[in-house]
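By written order: A, B and C. Residues from 1 in each chain.
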Amino acid sequence: MKKTFSLLALVSLLAGANAEDKLVIKGSDTLGAKMVPQLAEAYKASGNEVSFEIAAEGSSTAFTNLLAGTGDIGMSSRDIKGSEVEEFTAKGMEIKDWVAAYDMIGVIVNEKSGVEELTTEQIQGIFTGDITDWSEVGGDAGPISVYTRNTSSGTYKSFQEMAMDKRDYGSDTQKMAGNEQIAEEVAKNENGIGYVGLAYSDKDGIKAVAVDGVELKPENAKDYAIARSLHYYTIKGQLSDAATKFLVWATTDKKALEVVERVGFIPAGE
Amino acid sequence: MSDSNADTQKGSSDFEKRIFQRKGFTFFGLGLQDVIRYFFGGNASLAIIILILICFFLAKEAAMFFPDHHRGLKAYRSAGQEFVDYIGQEIEQHTRIYSSANIAYFAEVNRTSLEEDAILRAQRAVLANVESLTARSWKELERGLDNLEDAQEDLDDLKESEGALDASALSKLTKDIAQLEAKIVTVRAKLKKEVTVVLGSEKAWDLGGGGIGISSGARAKVLDAVLFEAFPDSKEDHPFIVETKAASRAKKGLEAEKLAGFKDTLKALQSAVRPMKDLHSDLKKIALESRKEINSLETAPARRDAWLAGAESTDDPAEKARMLARAGEVVIAAPDLSALNAPIYSSVDEHRTLLATLQAEVERLHKDLPDGAETESGRKNLKKADHYYGEFVTTVRENRDKIQGWRHDKSLGLMASVGAFLMGKDWVTNSSWHDFYGLLPLFTGSFLISIIALVVAVPFAVSAAVYVNQLANRREQTFIKPAIEFIGAIPSVVLGFFGILVFGETLRMVSQLEYLQWIPGFPMAERLTILNAGLLLAFMAVPTIFTLTEDALNNVPRALAENSLAMGATKLQTVFRVIVPTAISGIIAAVLLGFGRIIGETMVVLLVAGNKIKIPDFTEGLGVIAQPAHTMTGIIAQELGEVDNGSLHWRALFMVGVILFVISLGVNFTAQQILKKLQKI
Amino acid sequence: MQSVAEDTFVEEEANPFATKAIGLKRRDQIVSILLRLGTYFILSCAAYIFLDIIVKGAPVVFQAEAPFINTDFFTQSPETLMTFETASGDEYKMNFSEYTEFKTRNPAIDIVDEHSHAYSGGGIFGPLIGTVLLTGICIVIALFVGLTTAIFLNEYSSKGKFMDLIRLAIMNLAGVPSIVYGLFGLGLFCLVAPVVTDVPAPRAILTVPLLFTDSVLSFEGWGTCMLAGGCTLAVMILPVIIAACEESLKAIPMGFREASMALGATKWQSISKSVLPYAFPGMLTASILGITRVAGETAPIMFTAALAHKDKLPWQDIPTDAEANALSQSAEWVGGFFSQSVQAMPYHIYTVAARIPQSEYTKPMQYGSVFVFMVVVLIFAALSIYLRAHFRKKVQW
């Protein structure tokens, strides 16, 4: 997209030119807080002349930015919704899906909590607000403080679908901006519970509970109830060569998969 | 600006002579002075236009909100979701009764094993503390163990491999293993030493808040147990812990036996609602399908047009045909709502019978619940259950007519949309069911935080102003005034940062102090609360209130004070009976402007208020300050970046912005009117 | 406090000024001590916050050996910080860029226990530059429009209901929450403002063909960018600047203008020679106060300009059409420069406060950023407070 300029109007002196070698990546915090910045750094380190702009505000922003043309690649920690596909088709665009990695959502509690295991039914009860006290799920008495992601987050949505039977979150839940923030609050609050991506579950002060008896470990990915895939989304036909090259590299190259593993996700190749 | 500067310099006087004093300079028929005048006038109008544009843009986005919101509410009704939610309310009320009774039950069951549980909790806490204090050596140990395991696997592989045994490799591996084992032994010894040292320190005994004290004998045993468990040679618990666990379990079992009747009631209570829940979830699926059809109809024309436009622009005939086909597939006909809602209408009778049984059952079981309890928590929660039973009955009664009279095509006025926004109790977005946009939780959050901030800030700011203006000596004045103005310059994000990193934790620690328990809401479990945000905002409001109050005090004619002193009044009598009352309207204006400043503050509340979108639970009295809340400014900051331009959610956020705009204009306007009146006196 | 004081006098209702009892004197003392305590409590709260930030932040910025300032912190942009140990037990801590280099240099090294800390490495050069640019754009626009508006309102406009209304509106708009300006900026500058382009974006709400060229004036907005952020901040600060400038113009005695006019000077000559020079100090103070406020604002730039991560500095790699002539190339460069998002200090602080945990590795970045930011903002604040006191003392007529 090329634009020419006129000096006629000062305020109009504006360009929105998309440089061939600049990749604007927007969307999920789960991907964008750790994995993609490090992939970007590693990509540049392996000799590619590309610059990156990364904004990680939540998966929904991946689609809003792709729609508005303000992003090249969307990161999402959930599948695209039907209504979003419709919005793209409504504008005559088609979306392409790249699986970035696999992730398990860990349900975390404070390290000092006596609860070691929860069933999916109990988790649903806690996050919808039906269960409000730890004594109801086998812990020491105390009101449960529930921490969730903000509403645009893909983790928010995937968790709702996988662990809560699509029911709405209870109004007692606290909305946090990112995985790290949830981990931080749970680590500080003995009555806290929250959920984070696998990559964030080994922080000090928290522990992941077993869900339906399955522990949160990469090797249990198949049996674990709350596991999902992470995605890159792009628009067909509007993708620059540099972006394609990066995505292919990020999803297949050995170095990229190493980075994915290091930040704590399960590489898509496996 | 640059023009005027240049002209003021002496060197340009020559230039001026030529330009300014030459008669007959005209520009499109205007004299020079007129040109200058119009230049300034033009800029002034630009400024005014910008300021009008602010109102226009806010109003534009917000005005579109109500029609859209109305359409959403209509879809909510047409799809039968409204009906389903009536049933949902009944179930929710039932769940509350059950949940409270359940908590009471567990409080009773656990009451005899409190000491054992406290010991177990202490052991967990100490173990966690010790592990985090010696984390480095732990990791070293774990790594050593991993390496050893790997080496042993390699050795096994080597042994199992076919063919001749590679002797050199074998001996190397055996040597490696021996080395690793030796290293593990040293690491373990080191760790043991570290753990012993750490266990002696008070840090290890930081049990967090609300821990019940345990006897010193138990304490020594816990230390023993931790020392034992810190070295997982075997995965077993220390005998003392095993013993305690068993004792706890036994005591609980004994108690549960006594309370078997209670448990049965609870079980019956839980199963009583099951048929209703099944009906609810069946209807929910149906309503959701209807909603999808209604929604898809709304976007259908746009989608078809997009496919058609796509077909128009492409040159590839195959692609064109495909796109045209897709355009043809788009269904534009309105769904038959009566047919869609038929299952819902036919369920009315079923619901009535189910509800009758449920109500009878709940009434009976509610009576079966024990009247009293041994523990404080048990009594409190049984009382709660009682209260919720009352609410359940009311909900059922109120919903009866609503359910009977419910029609999917009942008309819905535009005012209903306004009402649902202003008085709505839920703000639920990105839902799979229906998005609710109710202002009330956000408004109460904002308001409560501002009130707390004012209650704290006003006494301090006003007394500081009185002190500086009336009592302080010159030296103090020249130092205190700029210092407080300095506070006003601290960026709010810095205060938010301080609140989240330092103040929240400090406040929580303070709230757990034994002798502060009389303060409502203490001890607090959360770091991010209304109180935390309120106190930080109070700090922000102080400079505004201080400066304006001081101005108001300054404006009091000196004669008044002199008269009072001449009459023999003391300094303080003069201050509080003459000066402050005279300046009172100025002080009120100062407080109002302070309020305006804090209700519009964003970063502090976004970072520190805890972001819980719920109307604070006022049944806890003043304890409400220990709860987290969400605010109007916070919700805009948190959600605006992530919604589609022009979507309903986007417009709802602009509408919240308009409300904020109106509030702050109102507050400012009132304050200025007061000040104006003051000036006239 | 007040209530305490009032209670004191209730008993004396009959004739409050009558007695000079010793009790009264003591009460006087107690109340004034309370007032003083209240005052110093506020100051000690401030001192606590400052000290906390200084104690934890200063060690990041300063160092013991020459050049005494941690230059890396000021010359690098935020990066991921890597921490790891080698099998031999050595610990390392380095930025990601150094880390990759380290690994290529030592391919044989056996890295264990590796952690990455987002946003915790590098320095704050990018955000600092961004804030300077945003504040600069904002102040240039706000001062130009604000000053001329103030001159018009005070010197040229006729008195009347309409002007009073406008003044009232300006006064009131000064109190509107900054997040509301953010909404407005997003609505106007990012989504609607006009752009000259050959290819209007589909979201444009209006396109006006420009005569004699292929271009159109497309009302599609500037997107999230520096210029939009600067303009939003300018609009936010405009009412404050207008009010402050008008105030300082008003303070010039009418006699100055009258004397000048009486000597035969034109209107503009008397304004430029007899009014503006004397109003200058007031305006300078207003603009510095404006800088202080604008530099610290986060809410208005959250949606209009700021970005959490950007690995290029604003002037690096702006695409230009190599085949075009020099004039259009430089125009393109200027356009490209202003139409990019930037990192900014307040948003950076928001990111490191909300998005990353607190640990020994993240704290230097967190406190270092806040410390530098505070120092910069407070220097401006101190300057404005000093200037005001200084000129108030000096200029008297």
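FYI, contacts are C-beta pairs under 8 Å (C-beta built on N, C-alpha and C of every residue); 3 or more make two chains touch, one makes a residue touch a chain.
Since the structure is predicted, the reported quantities are computational estimates derived from the model, not experimental observations.
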* To do: Starting from the Cα centroid of chain C, hunt down the chain whose centroid lies farthest away.
  => A
* Between A-B and B-C, which chain pair is linked by more C-beta pairs in contact? -> B-C
* Provide the C-alpha centroid distance between chain A and chain C, rounded to the nearest whole angstrom. => 32
* Structure fact -> Per the C-alpha centroid definition, the whole-Å distance linking chain A and chain B comes out as 20
* **Inter-centroid spacing, chain C versus chain B (mean Cα positions, whole Å)** => 26
* Asked: Using the touch rule from the top of the page, what residues of chain C touch 2 or more other chains?
  -> 203, 354, 358
* Structure fact -> Where chain A touches two or more other chains simultaneously, the residues are 68, 91, 177, 204
* **Shared interface positions of chain B, touching two or more other chains** => 641, 645
* Asked: Which positions of chain C touch chain A when the two form their complex?
  -> 79-80, 96-97, 100-101, 114, 116, 118, 193-199, 201-203, 210, 213-215, 217, 222-225, 227, 307-312, 316-317, 319, 321, 324, 328, 331-332, 334-336, 338-339, 341, 354-359
* Touching residues (chain side chain A, partner chain B) in the complex -> 57-58, 60-61, 64, 67-68, 82-83, 86-87, 89-92, 111-114, 130-133, 135-136, 140-143, 145, 150-152, 156-157, 160-161, 166, 168-169, 171-177, 185, 188-191, 204-205
* Structure fact -> Note: in the complex, chain B contacts chain C through residues 1, 4, 7-8, 16, 20, 32-33, 36-37, 39-41, 43-44, 46-48, 50-51, 53-54, 57-58, 60-61, 139-140, 143, 459-464, 466-468, 471-472, 480, 482-498, 500-502, 539, 542, 546, 564, 567-573, 576-577, 580, 593, 596-597, 599-603, 606-607, 633, 636-637, 640-641, 645, 653-654, 657, 660-661, 664-665, 667-669, 672
* chain B partner contacts - residues on chain C that touch it in the complex -> 1-2, 5-6, 9, 16-17, 20, 24-25, 27-28, 31-32, 34-36, 38-39, 41-43, 45-46, 49, 52-53, 89, 112-113, 143-149, 151-153, 155-157, 166, 168-184, 186-188, 191-192, 203, 235, 238-239, 242, 266-269, 272-273, 276-277, 292-293, 295-299, 302-303, 346, 349-350, 352-354, 358, 366, 370, 373-374, 377-378, 380-382, 385, 389
* Asked: Okay, in this complex, where on chain B does chain A touch?
  -> 95, 99, 102-103, 106-107, 110, 117, 120-121, 124-125, 128, 132, 135, 207-210, 292, 295-296, 299, 302-303, 306-307, 309-310, 326, 377, 426, 428-433, 441, 505, 508, 525-528, 610-614, 628, 630, 638-639, 641-645
